[in-house]
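Next come two complexes, and both contain subunit A; in the first it sits with subunit B, in the second with subunit C.
And then the complex of A and B:
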């Protein structure tokens, strides 16, 4: 299983769609400091009200997490994961692979896990590139805080990838499945920061996995393992459950 | 140990209102190349898929190397190779990568997998194209990679569904030679085809299917004598006509 996972990961890394996703992420890293050079006053004021802070670094983190990486989390997992098993079925590759001593459920787990690993690789590379590029270009940039906050958000990205794969096999058709996954992730992303805007709803929004991924925004000044680990564990658990559901659902797919 | 590599007893498959396979019985001896002939839609592919556990029978029983195909599916697949009639190769992988990928599905240790992969690439004359993306492969080359992936686990039983269709005469000849060589090494081969000359070239015994039912099973020479046929085409037509009447 481990070797198959590794070979599948390498194959997925070489796919064209992975390189398209990588190009999108590199563009985001390079472009954001330029776009953020002079945010409009109403944006600064809104962020100060929501996060009790108008620190330029807090403004940057809000923009980076909610306006950039959350959008990435809505799109890139769909691009990477919406073909898992179904693309092999539609192209005829599954006709060969299904006759091997590996159940379709296990094959789904391998494909989804390797796609999650690809997502994580792209995500981590983006944050490391950002940590190298942003200092000096973003006022008050703190690489340690940035990487700590984004390491939590990475778990949300992995969860989104597992969700896209599972939703697509549940729908049973690639195009329709990708659309449903995109709508679902779009909804979760759209509601991710509602608890920050409306503190009364905060507890309720913790049911949203993408809110868990953005929890670092609550207290950027005092990020600690005790703040980051619980949502990380919750997201890891949700990812495992989501993959397990996909593995159960995929049994209906006929090779 | 049973002399039969494959036994099929009363096997049937119904898809809704369509009876795809109906009460099929036959057995294949170890090391034999067994022909499976019939028109398109006769039920050959569904029978092969049931033998590999890819489709669940609605009635009957089948074993491959003593393993029940519905109860010990993974054991059957571990010992079998399969080349379906219709398939595609992953376009972004190279031939070498794909063989390693398939070997990993059998949990073959990497060093062994590499050695077997290189041997198969050499055997099928694919060394020069081993690092090219599969998307650019011709029909003949695709079929060679398809056969190579079916052999990566050194199977004891090989199921081949229309393996020669789409191949030019040279490619067909080479493929049939390979299969003969495998048979001499003790591999049991089920060779399904509607190209009857290939069946005759390769097999001693055949089963003929028509409209989901097995209409004949036995040695080719005996069947020809029994049905007064000089050629395989004539034999098959006589069998079908007798069935119709």
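And then the complex of A and C:
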């Protein structure tokens, strides 16, 4: 299974859609400093009030997470994961796979894990490129804090990929499955930071995995393992449960 | 009526019978729920969050803020339900090795693609129109939010976005006929959708980029649909009426492009 996972990962990395997604992420890294060169006073004031931090770096982190990476997390996982198993069925390959000593549930786990790995690769490469490109271009940029905050958000990206794969096999049709996954992730992303805007709802929004991924925004000045590890563990657990549900649901798919 | 157009209309009727309906009907409900959610939840936000959107997008009052969020509730479900259907016109059929079979029918390729695309685009327009109507009803029924956006203006803004969606999806079909992987098509379409949203983000974070460029500001930023809500009252419905034949022409152009392509 490990060998199959590795080969599937390599094959997915070579696909054109992966390269187009990578090009879009590179564009985002290059464009964001331009977008944030001179934010208007009302934007600076509002973000300073929401996150109790008047540092320009907090404005950057808000925009990077909310405007860029949360949108990436809503779209790219759907594009990468919504073909898992159903593409093989629709192209007539699933019957061939059924003759191999590998159950459909295990095949789903391998395909989803390799898709999560591709998402994580794209995600990590984007943050590393950002950490190299942003110093000197983004006011007050702190690479260490940036990488620590985004390492938590990466767990949300992996969860989103597992969710997209599971939702797609649960729906059973690729187009409709991608649409439902997109709507679900769009809703989670749309509500991810609501608890910061309306503090009365903060505790309730912690049920949203995408909020857990953005929890570093609570205290960028003092990021520590005690702040980052609990949401990371929660997201890792949610990802495992989501994949397990997908592995159970996928058994209904017929070749 | 010529023989060719008669064939097309007959073929269109057949494709219409098999066009997926459940997705668009569910997305109509999703669009209406988005509008209801906005009008129930957004007024509960603190004034600072409302002011952030009001000042950032140059809106006059809460009515403007609600209408802008409603417009997103029109644009997002409408575009993506249309996209899901549009992928099935050529891209999924090609990947599943059904395209050669479809092209073997005694129908011109341009007619085939148009006949498969038109029901999808019509249902897309239906989702946008229903959500726009819900938006107009919500704006009329929601008391005490201000008067900067009328129900008619809201309807017009929603219909204008619906028209934009229909034309954009039809134009994407021209690209889809030369793409072999549906997920590459999905990515290209998402990029195009983000492209239409980018000027609105620029308005929020870099409003100085529009200084001295009033045509770009009023032509590209989504809140301009609310700044000109009086005009949108008639321009929105007219845009949708004009968008439908333009979308058919683009779908036929996509079919003609497929006919010239070697790679099925």
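Definition applied: the second predicted complex is superposed on the first by the 255 of 255 C-alpha atoms of A that agree within 3 Å, B and C clash if a C-alpha of one lies under 4 Å from a C-alpha of the other, contacts with A are read in each partner's own complex, and residues count from 1 in each chain.
Operating definition for what follows: a contact is a pair of C-beta atoms (placed from the backbone, for glycine too) under 8 Å apart; a residue touches a chain by one contact, two chains touch by 3 or more.
Computed from a prediction, not measured in an experiment: that's the story for all the values here.
When the two complexes are overlaid on subunit A, subunit B and subunit C sit side by side with no clash. In the superposed pair of complexes, A:103 makes contact with subunit B only, with no contact to subunit C. Rounded in steps of 10, the angle subunit B-subunit A-subunit C defined by Cα centres in the superposition reads 90°. Once the two complexes are overlaid on the shared chain, A:4 sits against subunit B while remaining clear of subunit C. When both complexes are overlaid on chain A, the residue A:183 reaches subunit C alone and has no touch with subunit B.
After overlaying the two complexes on the shared chain, residue contacts for A:37 are found with subunit C alone; subunit B is out of touch.
In the overlay built on the shared chain, the residue A:95 is in contact with subunit B alone; subunit C does not reach it. Once the two complexes are overlaid on the shared chain, A:79 sits against subunit C while remaining clear of subunit B. Put subunit B and subunit C next to each other and count what each touches on subunit A; the higher total goes to C. Contacts of A:14 after superposition: subunit B is touched, whereas subunit C is not reached. Between subunit B and subunit C, the minimal CA-CA distance in the chain A superposition rounds to 9 Å.
Shared interface residues of subunit A, touching subunit B in one complex and subunit C in the other, are 15-16, 91-92. Against subunit A, in their complex, subunit C makes its touches with residues 20, 23, 27, 30, 44-46, 48-49, 51-52, 55-56, 76-77, 80-81, 83-85, 87-88, 92, 95-97, 181-184, 186-188, 190-191, 194, 201-202, 204-208. Considering their complex, residues 1, 3-4, 7-8, 10-11, 14-16, 88, 91-93, 95-103, 255 of subunit A touch subunit B.
Residues 52, 54, 74-75, 77-78, 80, 82-84, 86-93, 97, 100-102, 104-107, 110, 146, 149 of subunit B touch subunit A in their complex.
Every residue of subunit A that touches subunit C in the complex is listed here, in rising order: 15-17, 20-21, 24, 34-40, 42-43, 46, 49-50, 63, 67, 71, 75, 78-80, 82-83, 87, 90-92, 174-176, 178-179, 182-183, 186, 197-198.
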